[in-house]
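Before any comments, here is the structure.
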């Protein structure tokens, strides 16, 4: 039977970069979902304090194969 | 380790207002998800019968922190 | 034969709320269109005078079945 | 000479409804801007605590005439 | 109490058509979710090999009622 | 004088395919509108029952020349 | 009772400019609709022959008040 | 230190054309902002009276360098 | 060195279905481009004559690897 | 065999109007592409110097038939 | 009285990364606006010279609380 | 005669960052196109294996002047 995939939406956070924020979200989700194989960036935001960026926040769609 | 959040998409319904439709969706989802902390309205629709609005329907993205 | 529906676009206005603006548009359109069964909110705007909102304006798509 | 208008973007907040959140933003902005005459809703969001909506947040574009 | 619905995002695949890709995704998801009642097509993509389409891929939002 | 065209929005339904749903909508609209000459797909949705797609629904913009 | 407005979608054409294409569409629609009071440009297209633009085409939403 | 630019949103109006409406908005804004260097058209609208376009309205984002 | 891909935009046409329109576009493009490996549907349109759909038209983005 | 079309994206520039900017882009592209038959406006921008618009810039998608 | 926030749009530039471009824009804006607390990325662009990226440019919406 | 520019769409890939993915795409395209002067990020995606991001993928529009 043909493959079916599911997409879930996550928000990752990093003090340093969007790439690290993506990796943080993927790593945490991978603890319960073994089959994650791709992602898509939906939105990039961030938090600021006293003129400094304190958080890079990234909203992701993460795709993985549904097992039978 | 940095926080990771998940977004799920819900549809709430009310006979009275979009605010009540939102509250209905959040309340039901909160029974199984304790950490809901924000939402975003994606779409507003409704049902009509004999010239009267019988349902205000709201599609929401609801965000909550993933626990470790 | 299968059903076919038509969508028309309306603007409703209310001094009080978007829900009332929607109901006003649906009620007026229902005088000539008996079969309206759903709507979708496209845009929400408003008018302001002296720092007070005087009109809540809602742009709707309204759907109804085409009769044979 | 022809009229020119400016649009600024505001976020209003209310514990009760989007209509009140809009009115709150318009009222505060009207203290320094006398000529606000229309607005457009850009996004609707909110905050949640213990399964209850604690804030309805609305992002608005607010338009006013530039004086000569 | 009023109904609440959930939307999940799936990717279905078929060698033949988008309609079959949709049906494949719905069928697999229905094994664990009994209440699926509607879907919406979000994106249509595909894979190509040697000038032939080998996969029609469809991204869907699938809606179902949350049981109490 | 130059040509002017009108666009109306229709929803067609089929148990089999989006192509048939489009044809169904065009055929019904053509009974009263003789000059339909093009269409554009706006959205594709569907209904599901017991894990099977029971309706493919397509929202169309349909264009035709206004007669003098 | 509060005002209700309707929006219809038209395509105007001109050999010379988008402004003339808009005026052409408004003029023709005004023969049957007396109350047109505003429009919004949705899309701008055109036709080309032998390296010259032969038609400027504009898709408009045109708004008018529904009479009681 | 690297350059930073600001974008503001304006509405220009003309009886004749969108190009003149843009120029009107830019000219007025330039009285207080000396460094405007580019713009982007966001939306084109207009007003109609008795079947004639009386105003071409253009919503612009206007960009200028922030001085130190 | 890392891979780089190019996307081009094509319009395919079929009297029968969108799937065939996609295949027609891919097949023709494959005569000069050997490495096409994926596509994405951008828009679906069509032509109508005497109440019958005479053309299903699909706008595609087609992706292929740039050779060194 | 059925027709296939290609879309390319161009930026045209004029000191006077968007219509002239479009014509400039089409004319230049027509030197190497004989079969251009339609275009679609994607974005309208411009450059400003000392409060005057010095360039109207238009981003176009231009369509032409692929020859066999 | 409830809080009201304002959003302004900035363009930040860096030779190195989007994160640095964001930080540059936030830092400069913070000289006159003390209360900046969040931002959202709207668009990412860049300049190229001789095959090298010379500028990463980011368009941001920056949010801050309006003081009473 | 006025300048005309062309936009092409590329996908760049990097194991490390979106900035490097952009630079990779620009560098490869610059081998055959000498006049590339700007780019715009259209989409950001990526590949994942065993909970680690293995590819950052960026879809770009790249602009360059057409030579006479």
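Residue numbering begins at 1 within each chain, and the chains themselves are lettered A, B, C, D, E, F, G, H, I, J, K and L in the order written.
Assume a residue touches a chain if its C-beta (ideal position, glycine included) is under 8 Å from a C-beta of that chain, and two chains touch if they have at least 3 such contacts.
By chain, with names taken from UniProt: A, B, C, D, E, F, G, H, I, J, K, L = Dodecin domain-containing protein.
The structure presented is a predicted model; accordingly, all values stated were derived computationally and were not measured.
Student: Common contacts of chain A and chain I?
Tutor: In this structure, the chains that contact chain I and also chain A are E, L.
Student: Taking contact as defined at the start, I'd like the list of chains shared as neighbours by chain A and chain E.
Tutor: A chain counts here if it touches both chain A and chain E, which gives B.
Student: Which one of the chains is farthest from chain A, going by Cα centres?
Tutor: With centres defined by C-alpha atoms, farthest from chain A sits G.
Student: Sharing more than half its contact pairs with A-E, counted by residue number, which one of B-E, E-I or A-K qualifies?
Tutor: B-E
Student: How big is the gap, in whole Å, between where the Cα atoms of chain D centre and where those of chain L centre?
Tutor: 38
Student: Taking the mean of the CA coordinates per chain, how far is chain G from chain I in Å?
Tutor: Centre separation, chain G to chain I: 31 Å.
Student: What whole-Å value do you get for the distance between chain I and chain L if each is reduced to the mean of its CA atoms?
Tutor: 22
Student: Which chain A residues reach two or more other chains?
Tutor: Residues 8-9, 17-18.
Student: What are all the touching pairs of chains?
Tutor: A-B, A-E, A-K, A-L, B-C, B-D, B-E, C-D, C-F, C-G, D-H, D-K, E-F, E-I, F-G, F-I, G-H, G-J, H-J, H-K, I-J, I-L, J-L, K-L
Student: Note which residues of chain L are touching chain J in the complex, please.
Tutor: Chain L reaches chain J through residues 1-9, 61, 63, 66.
Student: Please give the residue numbers of chain K that touch chain A in the complex, ascending.
Tutor: 17-19, 22-23, 26-27, 30-31, 36-41, 62
Student: Touching residues of chain B toward chain C in the complex: what are they?
Tutor: So the residues of chain B touching chain C come out as 16-18, 43-53, 56.
Student: Can you list the chain K residues touching chain H in their complex?
Tutor: Chain K reaches chain H through residues 8-15, 21, 24-25, 28-29, 59.
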